[in-house]
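Two complexes are shown next, each including chain A; its partner changes from chain B in the first to chain C in the second.
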Partner chain A sequence: MGHAGGMRGHASAQSGDVGGMGGHLGAPHVGWRSWVTTVDHKRIGILYGVSAFVFLLVGGIEALLIRLQLAGPGQAVVSAQGFNALFTMHGTTMVFLAVMPANAAFFNYIVPLMIGARDVAFPRLNALSYWIFFFGALFLNASFLVGAPPDAGWFGYANLTSKQFSPGMNVDFWLLSLLVLGVSSMIAAVNFIVTILGMRAPGMTLMRMPVFVWMTLVVQFLIVLAFPPVTVGLIFLMFDRFFGTHFYDVAAGGDLHLWQHLFWIFGHPEVYILILPAFGIVSEVLPTFARKPLFGAPVVIYSGVLIGFFGFGVWSHHMFAAGMGPVADAAFSIATMLIAIPTGIKIFNWLATLWGGALRMTTAMHFAIGLVGLFTIGGLSGIMHASPPVDLQQTDTYFVVAHFHYVLIGGSLFGIFAGVYYWWPKMTGRFLDERLGKLGFWLLFVAFNAAFFPQHYLGAIGMPRRIYTYAAGTGWAFWNLVSTVGAFGIAVGVLVFAVNAWRSLRAGAPAPADPWDGRTLEWRTSSPPPVHDFDEIPAVSGRDTFWREKYGPRRGAPPAPAHDHVHLPAPSHWPVVIGLGIALLAVGALTHLAVVALGALVAVVGVFRFALEHHRTPAHAQQIGSLGVDHRKVAMWVFLGSECFLFGTLIATYLAYRGRSVVGPYPHEILNIPVTTLSTFDLLMSSLLMVLALAAVQRGDQRQARLWLFGTALFGLIFLGFQAFEFTTFVHEGLTLQQNLFGSTFFVLTGFHGGHVTVGVIWLLSLWVLALRGRLAPVDAIKVEVAGLYWHFVDVVWIAIFTLLYLIP
Partner chain B sequence: MRSALLLGAAALGGCAWDGPMSTVRARSDFARDILYVYGIITWASVAIALVVFAALGVVLLRFREKPGAPLPAQTHGHTLLEIAWTVAPALVLLVIAIPTIQVIFRTQVAPAAQALDVTVRGRQWWWEFRYPSLGVVTANELHLPAGRPVALTLEGPDVIHSFWVPQLGGKRDVIPGRENRLTLVPDRPGEYWGQCAEFCGASHANMGLRVFVDTPEAFARWLAAQRATPAEPAGLAAEGKALYARSACVGCHTIRGVSAGVLGPDLTTFGSRTTLGAGLLPNTIENVTAWIHDPGAIKPGVKMPPLGLTEPQARAIATYLTGLR
Partner chain C sequence: MATRKATTVYLYELAWILPSFAIPVGMLVALVVTAFGAGIHLPGQERRIDPTKVAETAPFDTPGLVELAPGQYEVRMTAQIWAFAPNEIRVPAGSTVHFWATSKDVVHGLLIPKVHVNVMLLPGQVAHAVARFDTPGEYPIICHEYCGIAHHTMAGKVIVEAAR
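And now, the complex of A and B:
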């Protein structure tokens, strides 16, 4: 499949045709403003990387304070509440602000190079993801400045997070920033799925993609599908805290398992979101320095896909102690154990890659082999708590703390360091010092094991997690002290890296284009790569295509390299403006409604300017990628996939809570089926008008296009009118958001759908205005088509809602 | 890896495994069932780890780059080998899965008819134990007769907690609105420590408990003492009782015949408990005095407010309370 579409019309939001190579390439790349407005995937990658390192230090300092407090029994370095805030922020920071953005740094910088592309599919969306992340991260940490850092755990179990038990702004900071960060991850994930599927160089079939690209692709799908459930969970929490709904209110009939399910349906795939990129990095580093191809590469790829797939079926192994009953325990136990098989396969394939190789023990190789060893320990301890009986003794103890630090430091962080040492010369054009690098590795390796291996033992002799103090008689003191010493050793190891990085940037040895005798396309261009990545888009003849070029007999003639003009996206300041608007929304939620209004205004203006910035730039009109489908259409399909999970979660919650309200009014007393049948019919008809509108735009019939676009929007407005009528009637009959569980679930679900309809109406009216101005030619039909996909989806969702809420008693 | 192994060996050899919260010292049927699976999985894991580390060791020793050597053989894969290392872990998992499933179902059966019912209420940040069939209510220290099945019903009036006494078995969450159960037969008399294992707010770390597994005779004696009407105090204790009865204490605490508050622990036989503040401190007059004076200084976030009593007043009440046996 892969290269069918070729690379016609390079898929970026171009500033214009620069016409061949070596000419003027966009705006000057100097000064801080160029960083704020950049849409270059490499610069955004660096922004992600630097941010990740800063937050690694922040989260690290939090960890050191935690370890100081636990160095001995009865310490008073921090208060109980301070400690609770520290472990909450440490977990949240390391997951969302350190490891995820560090991975994003590699996705951004390396993936386009590896697939032979000049940028990602949507460069400005890429910048938008970064800036939303940036403001979300600042917002989360601003909680320290106002003395209200989140303190209910990174997992924020309901109902401890309710207003009753956490009255301060602490939990608000946490939930709002997670919502903001989720938006950022979602945008980035859609972007990278489209990029990887649609922007591969000629000849780069899916199975020829480097394993790192594959793992990136799997991770993006995990993000797209795993974030919606927790987003819905957080929205419930937000409604509970801000508007008095009852999602997590036991007295009103709420079920506290709900949050746990929603959180872990996200939370377990999240583990793979954190670790699979490291697996991908190692799968590149080991072959390069063993000077052998990855052993059984297809199997390594399939295992990664399987791990991602199974990752959705095991969430409840985080809830074995929550009392789900023996059948659920057994089912989730078996599913969890199954994941060990593809994971084990990866380990064995890495070992087989090394076997018989000619190992060059660079620092990157040290970290990669370190990962293989340390992740083995973390994986095996994971199998131990896949067994519910054993888990009942291990969960919420330091055994689990040891386990996931072996996975997340020994796995993710070691993989990230392997990637940093491996790709640093490519990114900076300079080498890191190998001697300092190896010193740093051994410091990290020894200190890490000193810090975390004893925690297995501490867990086995009963030390629970998240305790700020312990008694002397428990026998936990000595190994806690060892662990603390180890933690400081890790800090020294990280500092050694910082020194190395600093020295390299100032006066590191210059690196050639291909310093490691690499196997993949990123080594085919200069170090650092030119703004446009490749002078000529390379043709791909197989896996490890660059290695084949250098060493291999080529089988058959490779596809001709694509001849294209170099189009570079123009810088844009609308991404940072939108990011700021979203940050203002969050700030406003904690301060004043006026700030919310301001944030909404900034965000909406930003979105419109963003959308219209390149309207009708000729090169922008067509974005057909290697899938043969317009990027925007692929993006919309992916987005709608995540929307399915979003509405699926909302509907599932409604169904799970049906009949649990402790006071009336109840659904059968209030739902008006005849009226809603009318509004459903109206919405269905709008889909028909949408089809007519698209057809009119496609054949260039301006008059009809205007008519049907307006008609579709009007029918959408009529539906909203019906909804407004229904809501006011219900309120008059005593059903409010706060009345009972039925009110909470009903209004949030249908309100969310109404919100989607509203967005659709605004979108359609915007297109209508463009049509009125004669700016919607047949070449712009794709824009109407994408809006149409969204509109049809929203209609289909309503049919599901109408059936499940209204028709089924 | 080497240092990990060394540390591991040190941990296995040099560490004591019988602390008060040890998960590997089983003192009930439930804990023993778990330990049986725990053992199988641990040794299977250690065996797999040794195989991987051995292979890694060989690789690191044998396959270093040698200057001038030609490129190594460019092996792309080996189907049989790959099938082998897909099937082998599956077999190991089968060995783990079978006893796992057996124990899951065996440890979650309905309680026996003669089981002693105890309702455990986890609260921020202490434990209430009710024996509905015996008419006894106590807090933070649970007494159980050895050899008799016990059925614990876990209830939570505020947030989620988790009831965990490692030597008596695995933990089970105490979830408001859901009734969870634990059934077990404690088999050896002794004192066992427990602690809340689900993060529950400010003083989560200070939510300990003690379980005393008594011989049937000792349990009968304890029971009789719990049911007896406390003797009328004299001297300082009598002063303390009077103070208690007219202060805010009565709003939250129950002492049979004196007060009937329900927000705090039942104090009817407070003096018979060994610890204060949910396993926090030894139950001495000094500690109780300090506690009454300013409980928040001892237990962060505690719901009991400072009552504005003078030190002598607090001491009088402490004397009264510690005398309630």
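And now, the complex of A and C:
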């Protein structure tokens, strides 16, 4: 296999020196430009990690200000407005800019190493998701610079977020950056699902995958399925604020439960998105330092998968006080109690792993065991919320604040620290100081409990969340002071880690390839690994394969290692260009339409150049993974899965709001079924042409390929023409986005579908242009096939929309 | 550990097994006791209301405290940024108070610690909660759903007077 892009990789692969963060990167890979254009999963992992730490500090400073303000009654350290912005930004920053990217750092750096791969399935997409995240994060924090930081709370309950009650740009910053960050998470999730399913080393069956890889896989599925509902909720909010629709307008017939449902159907799986990676890390750290295999590893895996499933069925326990009725309350109450079972199983399996092990109490082990204890406390206070009468005493009090900080700091953050201390030598080639590490652990452990345990009590005696200040006679002052002291202790603990990291990078003791006597494949390669990860893709003979390799026994003969040629993708600057375009779009939404147009131009040009960059690179032609299916096809299927949730949410909203408009025109007065039947027929027929186009490309018939590709696009254009005709007719008859709830839901749903058709038409026309230039050979059939999958999906969705909107009155 | 006395349950095993049965049983008991014994019920969606016409819609057209029967009171309460109306209620000890409440603008909360009132007040929806005040004293009424810049000032109180 020849490869144009691999040359630079080869050059750098020869320099295997062990140094600081960048020491392993050879001559061509230096300077800031190499970091901006990098597509190396390890470097992207480091970028994620550094960004996450910076935003952990930002969110931490916000937390310290909050705690200073609440340290005593009647204080005025910050203004009330400032306080509201601080707790909103603290929550949003910690969830989306600190913990999620910290987890992404491990996904990026460790997962490909653990499964014995040379990179992720789509290295450039990986860079793209980082840069979109980077610009989204900057955009969110830019709100401070223009004096309009978001101040509606991290779950932004409608209708406080409406233009009427939040007229400034504050909420706009929040919703736009969340949309941008969602795109980033989605791209990364698709990428990692394809990577884990399709790029495992020979012999690594699903059940032989390390538990961390399993938890990563579950988390990516959660992201793919949970982000669409909140995306739709945010899009509704955006339309309400920018275009005057009525999704969260009670007077027009809207129902504020809608936002709460859309947010929490994302928000609860999000909790597991934050915590499951930590569970995965602990499941790697405990066996290594107990020198025992993970007790009941398959059960730990199954329970992780179950948590993922149940995670989608418990969101309404956030809404017990909102008045949903006894049936919904009972169902969600039981589901919430059930989810404790797989979680409990994990805890007991970790304890059983420790039982009788030869424990080495390293810093990583301290944090892992700390997680087991602290998460259990957070888990127990969590199950309490499952019981509606108990929950009623706790909703929106500090008890809840205590609970989720036990889960997110005692769980996620301790897990992340365990991972940092465990994998730092692998990532940098140097050890962190163990004495400083343990000092940091004990500081964090004690200070964390001092900060958050009293909040249980504060909540129980009635202190509500999100209050700027409180009166002296409430009896809340003492424990608030304790909590503030604890919070500063946490800050010192984090600082100790920063000092430790700095000292290690400058002059830490060099680490060998396998410093902890590890069990998984990442310890099989040098520390830090060469650019191509493994000289030879290792063969896998069982779970803990590296341990078996070192100590036996192997189960049967190992499969032959794969002696493939090392192909490393070339650096690309299109990811950062596309990210910049998206950032410009968001900036334009708040400033001027011209900036939106510029942003769209940059993004579209970026996407085209990105797509065509390796159109003729032979090494990119074949991307068949270990599933026997092309990576791009798997990726499209996963993406379509998330699209189902996107359209499902849009359609469900339309149905929920059907018949609730308070003014006309109403659907039966206006919908033109005969005309839409024609356009539906046209769209369905285009699917037939698409099949013909693919067949023609596959057999290399250039003339037919051009004909049918153009035909499919033309039918798509005809459908769009019908839609334009329908929309203008409706507007003339008085139905607009702003007219009533029917107009809002109808235009947003069908408009989104029309947008998908438009993207499809552009995609097909681009393929047609490639065909005209004779650049669409049979080897490129996969590109047409992937476009076809998308096109068929868009057609199928229209059948659902046509039936539910037009045919069923 | 693997000596073949397979049927023996060791003490340390029991120490794990018993609590793991006791915890769910305890939770279930707590659920039953609080729901039936203490009479704590979840708020339901009692009825819908046009948030722009709260003042003209019954029962909010006659806001305030109404004595239904001796020891039985009803409060028709509206919440808006950033106040409850009425924001001070006087009842004698031993009274049962029915709260009928809604919001005129954004989502508010109605929390009275110590008695079992914790309900969201959504615009467009009438919430209902019942509380019994036995001990004389002041009970704060707190808005606990974040509602904007002066959220922390949004409070009222129930004053329970010693029975004459």
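One rule holds for everything that comes next: the second predicted complex is superposed on the first by the 782 of 809 C-alpha atoms of A that agree within 3 Å, B and C clash if a C-alpha of one lies under 4 Å from a C-alpha of the other, contacts with A are read in each partner's own complex, and residues count from 1 in each chain.
The rule we apply is simple: contacts are C-beta pairs under 8 Å (C-beta built on N, C-alpha and C of every residue); 3 or more make two chains touch, one makes a residue touch a chain.
Bear in mind that the values here come from a model prediction, so they are computed numbers and not experimental data.
Once both complexes are superposed via chain A, do chain B and chain C end up clashing or fitting?
Once both complexes are aligned on chain A, chain B and chain C clash.
What is the contact status of A:G153 with respect to chain B (first) and chain C (second): first, second, both, or neither?
Both partners, chain B and chain C.
Once the shared chain is lined up, is A:R465 touching chain B (first), chain C (second), both, or neither of them?
In the superposition, A:R465 contacts both chain B and chain C.
Looking at A:G373 after the superposition, I want to know if it touches chain B, chain C, both of them or none. Which is it: first, second, both, neither?
In the superposition, A:G373 touches chain B alone.
Of the partners chain B and chain C, which touch A:S34 in the superposed model: first, second, both, neither?
neither
Classify the contacts of A:D329 with the two partner chains as first (chain B alone), second (chain C alone), both, or neither.
both
Using the touch definition from the top, say if A:T395 reaches chain B (first), chain C (second), both or neither.
both
For the three-chain arrangement built by superposition, which of chain B and chain C touches the greater number of chain A residues?
Comparing chain B with chain C, the partner touching more chain A residues is B.
Go through the superposed model and pick first if A:Q702 touches only chain B, second if only chain C, both, or neither.
It touches nothing on chain B or chain C.
So which positions on chain A get touched by both chain B and chain C?
Common interface on chain A, chain B vs chain C: 80-81, 84, 152-153, 157, 159-160, 165, 250, 254-257, 321-323, 325-326, 329, 337, 344, 348, 356, 383, 387-390, 392-397, 461-462, 464-470, 474.
Which residues, counting only chain B, touch chain A once they are in their complex?
For this pair, the touching residues of chain B are 1, 3-4, 7-8, 11, 15-17, 19-24, 33-34, 37-38, 41-42, 45, 48-49, 52-53, 55-56, 59-60, 63-66, 69, 71-78, 81-82, 85-86, 89-90, 93, 96-97, 100-101, 103-105, 107-108, 124, 154, 158-160, 162, 164, 166, 169-173, 175-178, 180-181, 193, 195-206, 208, 300-301.
Taking the touch rule as given, give the residues of chain C at its contact with chain A in the complex, in rising order.
Per the touch definition, chain C meets chain A at residues 1, 16, 20, 24, 27, 30-31, 34-35, 38, 40-46, 50-52, 81, 105-107, 109, 111, 113-114, 116, 118-120, 122-125, 127, 140, 142-152.
Tell me, which parts of chain A touch chain C in their complex?
80-81, 84, 151-153, 157-160, 165, 250-251, 254-257, 319-326, 329, 337, 344, 348, 356, 383, 386-390, 392-397, 461-462, 464-470, 474
Which stretch or stretches of chain A touch chain B in the complex?
79-81, 84, 152-153, 157, 159-160, 165-166, 250, 254-257, 290-293, 295-299, 321-323, 325-326, 329-330, 333-334, 337-338, 340-341, 344-345, 347-349, 351-352, 354-361, 369, 372-374, 376-377, 380-381, 383-384, 387-397, 445-446, 449-450, 453-454, 456-457, 459-471, 473-476, 479, 551
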